[in-house]
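After the structure tokens below, expect a handful of questions from me.
A, B and C label the chains in the order they appear, each numbered from 1.
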């Protein structure tokens, strides 16, 4: 039984389509990510679910109730903004208690205190937003949304303003809290790594459409088109014609072929074969090599195409720029698009 | 390098002297007893001020001016605040229009504005030329650019649209959102444009003279009328008037300065404290923290 | 859906007072003036006669010319002084600079009637300086008449300078110290820095300031009124007497002149706006 249903939602601004016939369903407790470049419509979709944008057509259901045309305050959704949107005139406690006060809820103090514990901000109750770090502010924003026990939690690039380390921490913590509360969550990001780490399900968006959905593993290992292949994993994408020439074989057929950089093996040009039946060998020249610590990334120029090759960094096994090499392409890792 | 600095000192010194001399001379003149053939007055007296403060007409004019300022600036805040808020939050496509309309008075000098106002309000259904009410209307338009810029900038600085979004998602109505999260955060910004408007209207002469003149004497009209009487008395009026202006603009400068300054921990706290005034009573913990 | 529409209706109702004021006291009068300027003296016949009258009358052309000249001259002199003075400002410590800007800000409020009065008691016929200098036998001000063209310019410059300083000073702040360092590292001299970088960067701001000062002087009424009354032929004084005096009441002609003045002002403001946009783009 689906908990959130988006049915053929369409929206445009000034004759330009921002959301085109979007449909998706989520199960209760699922952590879903809308992934795409800026301007792909992912934030607009999120804001439409929140009721901060009107949709032109289509409907949105949460827990079986049609919420398409009701005001944001009646939707029972919580939202965390990229720039936090904390109320600067209120301290941490009052920020978190705001929604409960508006609802004239009972036990405000206990509920807020519990939430402050959950997001690990004990001792900061009386601080004002400007006295907190970015990470702490984001925790307040999260607590402020969660204390209302929303049916769906919406997160609009909540971590993108933070620096790398704090971001990694908050990713984990966000996931922990989400699992603990079993809250249905929709997360928007443009960072594919972040999406991979956190999500149960990813919806890749491009130009107002959902181009692929699935678990992180599915998305990563079997992209459905060139866009997803390039956006998700730095895939090497070649036209089939070029590929046929390179490997002197027409075993595979289709329009294009996509190969992940990390499945390629790189050896020196005069080294022997590597299980010839399972691999194709391609000769080439190292144009560039860069190191990100544990991984060496080569740019290898071959006849008619350039390849990105990622290999683990082993001591003594590194090719200099200009080296003649051979790359092996495992047959079963070739994805036909 | 040293010679060049002294050169700049001379330049700045001359400028400051040039700017301050007329004021200083007026100040001296207003407290001078006998002063006609010496560099500095021969004697000093407060009698011109005493005379001024016994002049019923002066109080009357001051009262009229304050009345106009109070009504106009009050209307300005009460009308412009919701207008700008509603347009930025709900009808953002009209923002360009609002800006054009609000900034237009910058380009229209009072002397031109008065021509049209006299035409419209001299006769016809609403003959208010010669009454203070036409000045209320004219002044509302005069302060429009200040009010607009002050309020709009404040709304932008606090990112009002997003604050309202957040509050609404937490169950607040539009009105509650405005009252609890937008308004408390923008009062300091509004205060500045309010004071600027007060200073501006205090020194407004053209509209007052052309639309109403002596029928509702403002402080500027009174001053213009006194130009030809005793110079000492007029000096006293000018100095009194200018002191009020200085007080108002000084407050403005202090307020804006505090906000712009690189936030050292103490001043940051203080400025937030200022913003928080209405919330202070509610929050005893904050008081303890700051005391 | 209907609920949202109803709510929008209430919101629009809240805009009503604003719309009333703007229509009643801004747009309405402007339109009325524009319409009136295309009517004959009787206010019924539609004609461009009023504009013809202005451009055929030596007297009114003189008023326009005087206004233009006084605005141009006072703006040019004030801008030159401000460019030099604001540069000198930057040579002092930040604290002194803030003080100086504050002085400029404070004196910029000294304008109109009170300012004219101050100049009268200083330099008028029986002014302090006039008497003092003649007694001391110095004839610096002997040929000087405050109630003349020179006197008027003198006063105009006084109220233009603080404004000009306040407008130009910030753009010196836009000239980054690193630019100077970069320029000297690339072999530039102090002169070549100002020639190729400094002045081109300042230019839009100078031009913008000039247009504001020009407009400010064109529209100035109180200062001239207090100083020369109707003895001097200025556009703003003529408009005032055409629409409000009992002797020369010709509202249609006044409207036509008002339209001309407003066009000049809006033109200057538009020019300033373009210049400011340019600065913002340059300094981003």
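Everything below uses one rule, namely that a contact is a pair of C-beta atoms (placed from the backbone, for glycine too) under 8 Å apart; a residue touches a chain by one contact, two chains touch by 3 or more.
Quick caveat, the model's predicted, so the values are computed rather than measured.
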Q) Compared with subunit C, which chain's mean CA position is the farthest off? A) A
Q) Could you name the chain whose CA centroid falls nearest to the centroid of all protein CA atoms? A) B
Q.
Centroid from C-alpha atoms only, then distance subunit A to subunit B, rounded to Å. What do you get?
A. 51
Q. Using the average of all C-alpha atoms in each chain as its centre, how far is it in Å between subunit B and subunit C?
A. 19
Q) From the C-alpha centre of subunit A to that of subunit C, how far is it in Å? A) 56
Q) Can you list the residues of subunit C that touch 2 or more other chains? A) none
(Q) Two-or-more-chain contact residues of subunit A, please, as numbers and ranges. (A) 71
Q) So in the complex, which bits of subunit A are touching subunit B? A) 50-52, 71-73, 75, 77-79, 81, 83, 85, 87-91, 94, 98-99, 102-103, 126, 128, 130, 144-145, 148
Q | Complex contacts: residues of subunit B adjacent to subunit A | A | 158-159, 162-163, 165-173, 176, 180-181, 184-185, 268, 272, 275-276, 279, 283, 285-286, 289
Q: Going by the contact rule at the top, pick out the subunit C residues touching subunit B in the complex.
A: 7-8, 11, 14-15, 17-18, 21-22, 24-33, 36, 81, 84-85, 87-89, 91-92, 98, 100, 102-107, 109-122, 128, 131-132, 135, 158, 161-162, 165, 215, 218-222, 225-226, 236, 239-240, 243-244, 251, 254-255, 258, 261-262, 265-266, 268-269
Q. In their shared complex, at which residues does subunit B touch subunit C?
A. 4-5, 7-9, 11-12, 15-16, 18-23, 25-26, 29, 35-37, 39, 75, 79-80, 82-83, 86-87, 90-91, 101, 104-120, 137-138, 140-141, 144, 174, 199, 203, 205-206, 209-210, 220, 223-224, 227, 231, 234-235, 238, 241-242, 245-246, 249-250, 253, 257
